[in-house]
Structures are given as C-alpha cells and as structure tokens.
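Everything below concerns the one structure shown next.
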C-alpha cells in the first residue's frame, strides 16, 4: 500500500489532528466523535450546520468547516457513516438556540444514523432541521430503490446554507434554501482506477488498463457500468448527457459547473475536462456563472472525476459568491 | 439448562470474537459489490463488547443486551451501526428484566430484532441483506424448539447455523435492493451478501461454543 | 495510461484553455506561448511578475496567475522549460514601465532560456529583474554542480513578491524581497510512485511496492536514494532532518510550514503528514506561523509529498497574509 | 564537390527526419536518469524544420543555419532548446554569408557550435552530455580532412559517426555533472547519456544519406 500512514486504524484521528493543527486556532478537535468544529461554535446568533459521512472524501467534510461553511463535521471511519452517538453528541455540543441543521448524504448508513440522532435530539427538546443530499444521477431514483447518492453536489448545499446562516437566516429558511439547491444540482462520476482504504491496504476492485467505471460512487463501490477507456471529449459527453438530461438543464440556464477530482487525478486533467465541459455547455446554450475545479469530494486515491451542475438564480448566485473560510485553503 | 444470562454472555463473547477474528474477511466480502468497510465497522463495536463484557450489567438479559446495543450504536459506523444497534436494543426491550428465557420467549426476542432491522433498514426478506440469512435461521430454530429436543439445543443450534450458511450462499444470484450493493444493479447478482455471510459464520461459531458448553455441562 | 486526455500532444493547450474558461474573464490565454495572463496585465502601476517552467506541475504556475500572485505564466511542454521565444514574447506582452520580474526555477533548461530571453529584453531596453529559486535540499549545492532545484518553495517567492508588487513596490525592492524568501526557504520531497507524462503514456520509472524515493525531483527524475517504504512518522523525520538541518532552522524560529502533495496523494494523507510535522517542529521549539497543506507544485500524478519550511519575519508575515486571487480557488 | 548549401540542406533534412522518427526512443533514454522529455522536445522543433525547410532562406549557409537556430529556440523547450538553438546560431555566425565551405572551414563552424553548447550549458567534455559524442566525432572528422580523401568524404563521415556511437556508449559508467541526471549522483553511472546517444544515431543517418548523395553524384 503506497500511503503516508502510521497505524492504519489511526488514519482518521491523525488526519483530524493535522486539520486542527493546520487551522491556526480556528478549529477545535474532539477525538471522541471525530469532530472538527469551529472554535467559535456554537454561535447564539446563527443556526449551527453540521455534517458527517464517511471519511475518505476529504476535503469533504472536515476540511470545509469554517466561516460561511460548516460549523462542525463528525465523520465515521473511512467509508463508514458516523455512529449515532457521534451525531447526537455533536448536535448537543454545537447546538445553538437558533437551532441546528443536519446535512445528510443519502446513504442508508448515514441516513439511519442521522435520523436516529435527530429523534434523540428532538426528544431532548432541540430544534433540528435536516436536508438529504442526493445529486448522483448514476443511481436510479425510485420509491423501491435506496435512492440517489449524495456526492460532490453536497458542496453547494453547504456553501449556500452556510452563507445564509452566516447572514442570520432562520432554520426554516436554511431548509428552504438547501432544498432549492438539492432540487437544482446533479452530478455523475467516472473512475479510471480503484481506491485503497488504509486499513484494507489493497484496491477495492480490479480494473483493466483500458477500462473505466461509469457512474462510480465515492466509496469504491462499482459504478453503473464498465466500459472501454475513452478520450476526454467522449468522457465529458457521457457525463454531460447523463447530468444535463436529468434535471434537465436547458438552453438559457445559468449554472455553476464543477469538475471534481476523485483524489488521484491531477488538477491539470481536471482543468482539461473543465474546458471541454464549459465549451460543450456553451454549445447547448447553457452558460457558466461560476467554475469550480478541484477536489471537493474524493474517494481516497481514486483516479477519476465527477461533473456537477447547479442551476442558479439570483439568490443562489449571491450565496455562492459570499465569502467563506475553511482550513483547506491556498493562501 | 443453564441460566439464560450465562448463555447470552457466551453467545455475545463468541460473536464478538468471531467478528474481531473475521474483520478483514467480512470487509473483503463487502468490497466486492460494496465499499469494503463492513467487517472493520462491526469490529470497532464488538472489540469493545469483548473487552468490556465482564463489566456490563448482567442483572438481566434485557440489561445486558441493551448495553451491547448502546456500544454498537456508539462505535459502529455505516449501516451496520444502526442495524445491529437496533437489533440489540429491540431484543433488549423484548427480553426485559428476565434472567431466563423459554424457547418460545427466545424466538420472540429474535423476532423483535428482526423487526427492528427490517424497520431501521427498510429492508425485507429477499432484498439481499443479512435478513436473508437471519430469518431462515430463526425460522429453523423456532421449528426445532416446537419439535422439542433433549440435547440442550445442540442440534437445533447447529441446524439453524447450517440453514444460515446455505441461505447466505443462496444470496449469490440475488438482486440487491438495499445497501450499497443496490447501486450496482444487475452486477450485484455476481456476489454473495456480506452481512448474510457473516451471520452464517457467526452462527457456526456460536453453535460450536454452544456444543462445548453443553458437553462441558454434561461431563 | 489512465488519464483524462484527448491527443496527448494537445494536453497542455487543452489544459490552458480550461484555465482560461474557468477564470470567468479574469485571465487571458495566448496559445502561441502557452501563456496564461491576467486580463488586466500589464498594469502601469505595478511591476509585472512572470514565470514559466515545465508543465505538469500544476497548479504551478499557470493556475496561480492572478491578483497578488503572478501576472503571467508561459510554461513549456510537460517537464520541459519554455523555449526562449515564449519567455521573450511574454516579457514584451506583459512589460510594465515599472519593469518586469522573471521568476526562474534553477534547472539548466529554465535558466538558460530565461537568461537568453533576459538578454534579448535588455537589448530592447527593457528593465528586467530575475530571481533564481533553488529550495530543494535533496540536491548538493556547490560550484561544480548544477545547484539545487526549485520546487514547492517557489510558491512563497511568488506570494511575497506578488503581494509587494500589488502594493506598488519597485523592481529592486521585489528582488530584495524575493532573495530574502529564497534565502529562508528549503524543501525536500519523497515519492511513493512514479508519474506518467501524457505523451509518454508509461511511468517514468519502476518502483517496488515496498519502496520509496527520497529526495525526489518534480519531473520523475530519480531521487537521492531509494529506500524501504517507511511509516508516516519516519518519513516526516527524514524530511525534517534534511530540511531543518540545512538552513538551519532553530529553536525560537517562526516558520511557514507547507506539506505539498505531488499530485497522486490525497489531501487526507497530506493533513496527516502536516499534523506530524507540526508537532515535531514544536518539539524542537520551532513554531508554525501559518500552514499550507495541499497541492502547490506537483509532478503530474505522482504519489508523494514534499515538506517546505520558510523562516518568516514581520515583513514576510505581512506579505504572506496579504489577499490574493487565483483561478485555482475553492469558492 | 556539390554546393555546401545543398549539403547543409541534406544534413538538416536527414537530422530532422531522424529526430522525428526517434522522438520516443530519445525520450525513453532521457527517462532513465532524467525526465523523459528530450526526444519530444527536440521533435517539437525539428518537425517544423522538416516541414518548412524548403521555405527557409537558402542564400547562404549562415542564413539557413540561423533560421534553423531560431526555430529551435522558438519551439524546443528544456535544456535542448537553448543548447541546440545556440549550436545552430553560433554555427550560422561562423559560416556567415558563404555558400561553400572548405573542410577546415566546416570544422571551424562545428567548433563554434561546440563552444556555444559548452558556454550555454556550462558543460565540459566529460560532464556526460551530448558534447561527449559530438566533440570526438568532430575531432575524427578534422583528422580525416587533414589526411585528405577522394571519396567525397563518405568514409570520413562514416568514421565520425562510428566514433560518436562508441563515445556515446562510453558514457555508460560516467558520472553526470550536468543536466538532470546530475541530480541522481552516483546513480547516473548506470545509464548512457540521452543527448550523446542521439548524436550517434543522427550521425549514422547523416552518414548514410551522405553516402547515398555521393554515390548518386558518382553515377
């Protein structure tokens, strides 16, 4: 296994320690619940916003805790949603009199833990809002399925609700905004390689040198189908067809366009994909309001990328442009 | 017949050991169509159960199982935390303050677990989850208890374990409707369910421990 | 080859097109010289700052063009410094009456091209300053060697001179500041895997599953030595010993600490390394003024990381904290 | 003897073709201890030379070589751009407006190239660069010219090419003091220098083309 790691079972705690130390005092770390939180949270004047899925998707979500984003994140182990206890205790620790918002990615593990914790919080008299993120169009959505997965589009839910919360919005308002984002955001990913959880030490699946997984999840679970490796142009076509056709997005729409690296794909390739996608969208009359290129929601060291579109209106534009500060920064 | 509480202790101890010992193997089963964390997640809870079992409140079956349920819900992530945690908590509620359970009472407790799992996971029999091994095993045990036995249940438990293993093997070819494997659609048919397989392995070990305890008792 | 690419020979132009399109009008692109430049450059009121090494090190340097950073970057092909013509033409296009600053990484190819171009510019009557970045302690520095390589420490040279230039500093002042940074910054890297240039299609070197390259360069050229894969703790020890011992940095010093991912190593591992390094520095009485964790100067898809220390004084602290805007952003 | 300008054109054309054809191989040689771009970088320039050669100013040897030098400096990145660009520009300056060069004049032009490379790269003979093949080849040619020949130089060029190949092979075991290979220290001894090897390959192809041109002329 080619990783920078000590004891693989300490991978998550050691990473979280690094996040805290890198924050220059902006963040605190509670090792009992894998919890990274704003040193100034809870803030009586704003609704607290928390999230926690599996680890291994960094920077989501522990590295995007900060002003205008999350107040706290309490992930589970690599690719395992947090135990109920993490969520319940985090909710109590970060509870604001204005309420607390649970941002939940739609996986059965995450959902059940967050639902159980929400019930426990409400039994304690806490005011809890919840949003279920499910932007991955690779998964069929119907009442008898487990529904779509939450993937990179999650970033926009955090960004929008985080900005609104910073402005003092009430819990109901945040839920409305979050639901608007969720209704307007769609994603799909393609993997070129598998990924290796530190404790496992070997790739989660084998894949040929000339193959790729279309509609990949972010946990090394296999994708929708395996096909021959294609050119960047063809790959963008596959992604755009699936994503644009789903909402659908149509001529005249303004969108945020995100190319998200899955962890092992260099930024150079991500920008190459971005350029192609931007031009192909323009050809369809869909104009990009703002670009997002980089790693937002990864799958450990997987080589691959996902494409996310968010249809924006004036309210969302303003929230996207609002300032924010996270530990995962450049300057 | 020994005290039920002792039996529950034995079962928990056996189960915990099996899970710790098989963490990598169970994780590997989950890697095929899932995300490879299942065994590691379960272990995070059951290694605490194993280490701290002696210190848990043993005054009743319900008290003991409740504590186990809390540990699981506190330590186990992913779908397994809520699923297994709920299973133990519902079993605890069904067992209550009793220290002895009759055969039918045991079945009632196990059924409460199953209902809990099913509700929590919104999963039904045939969805390709651990229920597909657990339910037939409990059915088998129920039938054996109804028939009656004079070996302390050694054969009945073994039969239930064998049923679980066979049922787990039969998940090969099934379409996953719940869990991460469901994302892969038709591709999920190519592998067995990790949770169901784990149930088979755990029940085999419980059966062996049960036999030892009964033979030990008989000597 | 597991890459998002069309014609490998168009890799660099297609990536640069993506950078321009993602910039929302902040950047322009001149395909004749692989040139990405600020749409508002040259600015008569500030010295222009340009750089250009090989491609394949993104975000360096084309993705860190922007306010408070570079005015332009004109890289060559993957791992090849720019032809003289790129540098000369870029210098002319971005020339400001206040002068132009050439930031050069110390590789023979880069240096010769930039020196030739500088002579040509000066023959035209232009005022040109130059800084030679050489922070890699893995390379022995002596008069008969080619000298140290310029690696991730380069970021700090850009950040400091970029901020000062934005404040209106004169060319001589920028050279002084840049030289101070260069005198105070040291780096070293370790690679866990090789990297694959798009046109080549196969890794530049073979490396065993249980091996790592210590003192790796950023072009897939082999490192100082190949040793057995070590734990994250041991790796940080190797890096810190080499880097701290070189300047040397000593108890009481305040530093900027950078963990730079080489392209294929996920951010989770980078933060894990950061936490270890931060604590080990604290143990030596060296305190971290500010953290930098992420990809700053990569080697395509290489799994690996480098550690950079910059000793800071009040002047440098202020320059590091000054605002900056680049296309490679999170929000 | 044909017009020198025609010979220069022939040499340039041959060289360009060899470089384009061997781009991957030359890049591979550079990958061992360097960064694997050498062949691709050279090709970026010489494919333009090949495509546009007819349109270049052929009024003098100096004019032709100068244009080539400009193309190389404009298109070739890495150390090869300045090195090869300088080599052609210095050769151009030495050749000047002449259209014919005597043997000794040719050697003078080649020496000017070598000096240019050496100055530009701050490299000396023995530093394990392309100089280690180029210098002995020019030495050999100079000696052959001094001895005189009556085959249009066919044997002399072949001998120089053979000397270059042998010298390139002899870079195996040498310690690299310049270029990226120098970063690897003692490890650099394990491979031949890419630039020197390329010189050998190019000279062999030039020799073959030279022989064809002279035999063609002789028929």
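Labels for the chains are A, B, C and D, by order of writing; each one numbers its residues from 1.
Just so it is clear, contacts are C-beta pairs under 8 Å (C-beta built on N, C-alpha and C of every residue); 3 or more make two chains touch, one makes a residue touch a chain.
As the structure is a prediction and not an experimental result, all values here were calculated from the model.
Common neighbours of subunit A and subunit C (chains touching each): not present.
In this assembly, B is the chain whose CA centroid lies farthest from the centroid of subunit C.
Per-chain Cα centroids separate subunit B from subunit C by 55 Å. If you average the Cα atoms of subunit B and of subunit D, the two centres end up 76 Å apart. Averaging Cα coordinates per chain places subunit A and subunit B 33 Å apart. Residue numbers of subunit D whose C-beta contacts span two or more other chains: none are found. Chain contacts: subunit C has no residue touching two or more partner chains. Judged by the touch criterion defined above, the protein chains link up one after another in an open path, with no loop closing it.
Against subunit C, in their complex, subunit D makes its touches with residues 24, 27-28, 31, 33-37, 40-41, 44, 73-83, 85, 120-122, 177-185, 187. By the touch criterion stated above, subunit A contacts subunit C in their complex at residues 1-6, 11, 14-15, 17-24, 55-56, 58-59, 63-64, 159, 192-193, 209, 229, 231-233, 235, 263-276, 278-279, 288, 290-291, 293-295, 298, 300-301, 303, 305, 320, 323-324, 326-331. Residues 54, 76-86, 107-109, 112-113, 116, 138-140, 144-146, 149, 197, 199-200, 204-205, 217, 219-224 of subunit C touch subunit D in their complex.
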